[in-house]
Amino acid sequence: MKKTTGRRRGMLQRMALCAALALGVAAMAHARAAESVTVAVWGSSPAEVAAFDEAAAAFTRSTGIAVHKQVIEDKYQDVIKSRFAANNPPDVFYLDASEAPVLIESEVLESLELTPSDQADFYPQFLQAFRGRDGKLYGLPKDYSTLALYLNPRLLRQAGYRPDDVPRDFNGLMRFAQTLQARLPRGVAAMIIDKDLARHLAALETSGQPLIGADGRARFVGNAAAYAYLNQLVTGHVLKYLYSPKDDLGADWPGAAFGTQRTVMMMEGNWVQPALKHDYGDVPFITREMPTVNQRRQTMAFVVGYAVPRRAKNKAAGLRFARFMTGSGMRLWASASGTLPTRRSVEAAMQLRDAPGLTAHVTGAAYATVWSRGIELPILNTNFGNQFQAAFSGSKSLQQALEKAEAVSNREIERQR
Amino acid sequence: MSRKSYANGALYLMLSAYSLLTLAPFIWAILTSLKSPREIAEAASVWPQAPTLAAYETILHGPFYQWLWNSFMVATAVTLLNVLFNTMAGYALARFQFRGRGLLFQALMLLIMVPSQVTMIPAYMIVARLGLVDTHLSVILTSAASIAYIFMMRQFFVNFPAEIEEAATLDGSGPLHRFFRIVLPMAKPALATQAIFVFMGIWNEFMKPLLFISTVDNYLLTQGLNAVAKQYAKSSSWNLIMAGSIISILPILSMYIALNRRFLNINDQSSGIK
Amino acid sequence: MSLASLARRVRVPRGAAISAYAFLLPALLVVGLFTLAPIAYALFVSVQKMDLVSGRHTFVGLRNLAYLVEDDKFWAACHNTLVYVAVVVPLQTALAMVLACAINGKIRFKRGYVTLLFLPTLTSSAAMTMIFMWLFNNNGLVVLFLQERLGISINFLGDPRWALGIIMLMNVFSTIPHFMVVFLAGLQEIPASLYEAARLDGAGPFSRHWEISVPQLMPITFYVLTMGLIGCFQVFDQAFILSGGEGGPENATLTFTLLIYHFAFKNYNTMGLACALAVVLTVIIFCATLILNRFVRADGANR
Amino acid sequence: MTQVILRNIALAYHGQPVLNDINLEIAPGEFCVFIGPSGCGKSSLLRLIAGLEEVSDGILSIDGRTINDVPPAERNIAMVFQSYALYPHMTVYDNMAFGLTRQKLARAEIERRVMEAARILQLEPLLARKPGALSGGQRQRVAIGRAIVKKPKVFLFDEPLSNLDASLRAQTRLEIARLHRELNSASMIYVTHDQVEAMTLADKIVLLRPAADAQGRSNVAQIGTPLELYHQPANLFAAKFIGTPAMNFLNASLAALTPDGISALLQGRACPVAVDGAELAADAALTLGIRPEHMVLGQGGWQGKIVHIEALGEHSYVHLDWADGQPTLIAKTQDEGLRLGETVAFALPAAALHAFRSDGVALRRLQFKPST
């Protein structure tokens, strides 16, 4: 008898245990569902991943909302658009300023307001990039990068120059590059140039005449200053003191060309610094503000913000997360991830202006042009890039390229309306 | 003897030369995976000056094994489903006589002519509505059958010797019995070919996991390796990409070597070229 | 396609229709749900002006088509794709068949060769692209070789005339093994006695393959040509990677699918154009396969 | 006139011997049949003559010309495959014309030959059809037609009738025999496992046994005319193989030599056998053999109990257990009065008996009706 009851009792205990376990699991799942926020981010460096997790943990601690991270490791814009199309958007997600107008125009984003004091803390043009045509704010800028002039002092010295000899203005810089090239060994470029419009829009609009009209239409032709600037780039390539990193040096991105000391100068964003330190630690570099064009200071700013979909499942939690990460959490995020904060108060608190190598980038923020110009930007960028590349590689005249770029862009813009 | 050995010599020469040509990218990928990003950028020499396993170490840690297991599970499930469904469909289209067969075949052919760029988003919508997002089931179900391989199997069965089947029909064996007992065993080369291509297709699939799966732990191998390789947003570290492609090739290569005995039954009376 | 008139292969009673559909059911279910439905949706969208993200759409009928025809990018893509198909499809089919027939003969290290020749299909397209970029960029192996030895300098990646050629080369190189293996499997089905009879008839190695392998492989060749056509008309990855998704120098590597991709994802409010272009491309491919079927019969030559 | 000579031919697959020390001459116009159990290498020998297999050793010659290394097409031979091996994608006409086009003959000549072969084989109505649309018999005739048009010196047949049903097989057998008469200059080599085909078609039969059984000796068991193999099997293997149902065997030993043969000791009694026992050792162990059709029932000095009766219509086969330790005997009889279990007398006529030494070699028989 004894043995059977023993076995029966053992079974009862096991059943009780299972029941408890099932309850526990349900409760936990339930708890998770109570208050959680799904954040979609793109693939990023280990430092940024750690920084995000740290900031997210801080958010959970202070609000009790669990953060569920979705990492879209490639073609981020395409996937996000598909998510919206399938009405399955995340609660809050990274939004690049250049992509903002399209989503704002589609009226799928939640508008969010800032107190006047908060508004004043952000760089005005960064906020403006996330405003819709109705003036409402649809995204909170979280960090940014600006372009700066990178010099390799060692190569300069080998060519008999000192960093201070490098002119501050664009025309001077071009002449300097030409003379410098003569003294450089074969296969080393005085300067590498990226042909994207995203790098030159600010310089092209220093004459006050916009390259892209208020109505979003292209005005590439009939802008003498812009033509002059672009022509300098083309002649630089023809006379072989301005190189294209991919076509001429076989480097798949500018950082590689600079890191392997095959160019003395380049105009790049601060994103290049982690890669330079990580892969090319021994290569010295000095950063300078971008050269002035038509006596006006210019640089491009690439801003990323948080945005909340209007039909997000946990919209409130999404908004709280966005406000936290661009508010009290910004300091933690900026210092841990090494990105530049979009709030001037945080920038000052971190004394970024005198951080080595970042001074030029941070000072540039004040006068930077944000790479974001309405829903027509993708069309303008593709067509400009396509045609300018032909001019740059010499298979078409610059004037023809600009005319074609403008004509094609405007027709496509017309069709888009 | 000379005329024959000359022809054979030329044959071996051509084959060996072409084999080396096809080997080049593979070896090149291995060498690049041993280089540091700096050395790759300098592109000084093909041979790695300072070979390092850093790329493999970066990849072979943490979630890698989880991704490998996810990919293996999904690929095996998809391959089994595909081989079964596609072969059955191909067999039906080739051997059964029914009204509308030609029309059905043409309709299927029409479907694969539509570029995936426009069908991917609606497919994602369907998967989302089925609540399958971020599950492996989404990838498995959406690729459980493929018209391309239904088409291939149909073409294999068209020339299939009918006598054996006709004999089986006379013995009163039903279509299912005939299919599994007689047709499949004889269609081994075609089945092996299909299994390899389906497995490889889903193993290297890029778009579906990217769209359907977003939690890092659920990643499939290609997705994971791509994420690791594209850590520094603007620069893709080619040593990681190459190391990733080498690692993801090994399972397919081993499966291929195991299976290629099938579609190449090297028996004596294979057609001689002497 | 005149496939409908298939001769009776297996004299099976009316019950065949039921068992046939039973065999077809699982595949049709999957295809119906995840291929047919999306295509129906795309067809619907092809006559709308639609914003993908918000889903807002208004009926515009054939205006999408009108826009396409006016757009010179459409004609550039059309030209590039047709040239691409005309070069790549015959080349890859012929080479794949020649290799398969060569390997299928009585040679040693047969399995070694098959494994070696299969590698390009295994090598990921990223690796393949990088190698081609490394070989053909202005500072790369080929360009330097040409410049020093023959004094001609070609900017392969930058020059519109050559960029498409590089992509063709890459495509042929990586798809040959795939089709070679398919041909190999096809060759296994041909009874060895046919080749022996031909040897007795005095046919040499080449005429043996021309007179027996080629005709007997016709259904497989039809498959390879058709899939080759579809694959090349829909070429996307190589063009995307090599040109960074922009369509290369002056639209030289712009293909239909790249243009569809731009309309679908890049521009605002042009999802309708993407679907319209997808329909146009499907019709073009369908006509191409119709023409193909005139020369290579899907059901082989034995009937 | 064609003379096919095989001298010490050997063939091995990856070291495994298939044919060993084959010596054979096929006279011009002769119909020679290779027969033997499966795996005895008869098809390999045929393929070797055709050039589809490489000779491992020995000399193969036609009309005195050694053709070991001559490619198949230049050996002036034609072969009909067991599976017919017709080119499925070619019409009947093209199938038959294919060989001739390879020899670059004039179009008119090709057409003349093809039409003539089609006439002989009644294939005219089928010339435009493809093999897929033909019946087994029609495909068989096209395969023969393809061989005829080449006007070869030697025809090779590899079990051509095995895929046909019984009635068609008999009809085609007659056609092949007729063909042989019409093309009397060409010799024919025919492989089969069917004894009836061998006995009815052959001028000369080559009986082969598997190389493994031949223990290093030639796997040719016997060469001779059909009747020679029937009446005078050279060894136990030949005796067992030829004749259906097979010959009966009885264990005995030599008692004494007699003027017209020998007297064997069988179950303790004397049994006269008309064979030449000259070089036999005293009381050497013997195996006697008698064909069921030569057994005489109802009379004679021996007795046996009927254990089984196979009634085949105009005759039947009776199975007799007659002594323990001796195999059951089968006798052919027209007598329908026999019942299962009955004991019946039977006689073993001396002239009908065969005798084999312990090593299996047969003793020369003194009386048998020699083949005419």
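Lettered A, B, C and D in written order, each chain numbered from 1.
Everything that follows uses one rule, which is that a contact is a pair of C-beta atoms (placed from the backbone, for glycine too) under 8 Å apart; a residue touches a chain by one contact, two chains touch by 3 or more.
Please read all numbers here as calculations on a predicted model, not as lab measurements.
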Most widely separated chain from chain C, with each centre as the mean of CA atoms: D
Chain nearest the global centroid, as defined over all protein CA atoms shown: B
Mean-CA-position distance for chain D and chain B (Å): 53
Inter-chain centre distance, chain A versus chain C - centres from mean C-alpha coordinates, in Å: 37
Centroid distance [mean C-alpha coordinates] between chain C and chain B, Å: 16
Sequence positions of chain A contacting 2 or more other chains: 82, 85, 87, 250, 252
Set of chain B residues in contact with two or more other chains: 43, 120-121, 125, 238
Chain C residues counted as touching two or more neighbouring chains: 52, 130, 134, 139, 194, 196, 199, 216, 300, 302
Touching residues on chain A, where the partner in the complex is chain C: 77-78, 81-82, 84-85, 87, 101-103, 105-108, 187, 244, 246-250, 252, 375, 378-379, 382, 385-387, 389-390, 393, 395-396, 408, 411-412, 415-417
Residues on chain C engaged by chain A in the complex (per definition of touch): 51-56, 67, 70-73, 130, 133-134, 137-140, 155, 157-160, 246-247, 249-251, 262, 265-270, 273
Chain D-touching residues of chain C, taken from the complex the two chains share: 191, 193-194, 196-203, 207, 211-212, 215-216, 218, 300-303
In the complex, chain A residues that touch chain B: 40, 42-46, 69-75, 79, 82, 85-88, 250-253, 255-257, 259-260, 269, 271-272, 274-275, 278-280
Chain D - residues contacting chain C, complex: 50-52, 71-74, 77-79, 81, 83, 85-89, 98-99, 102-103, 130-132, 146
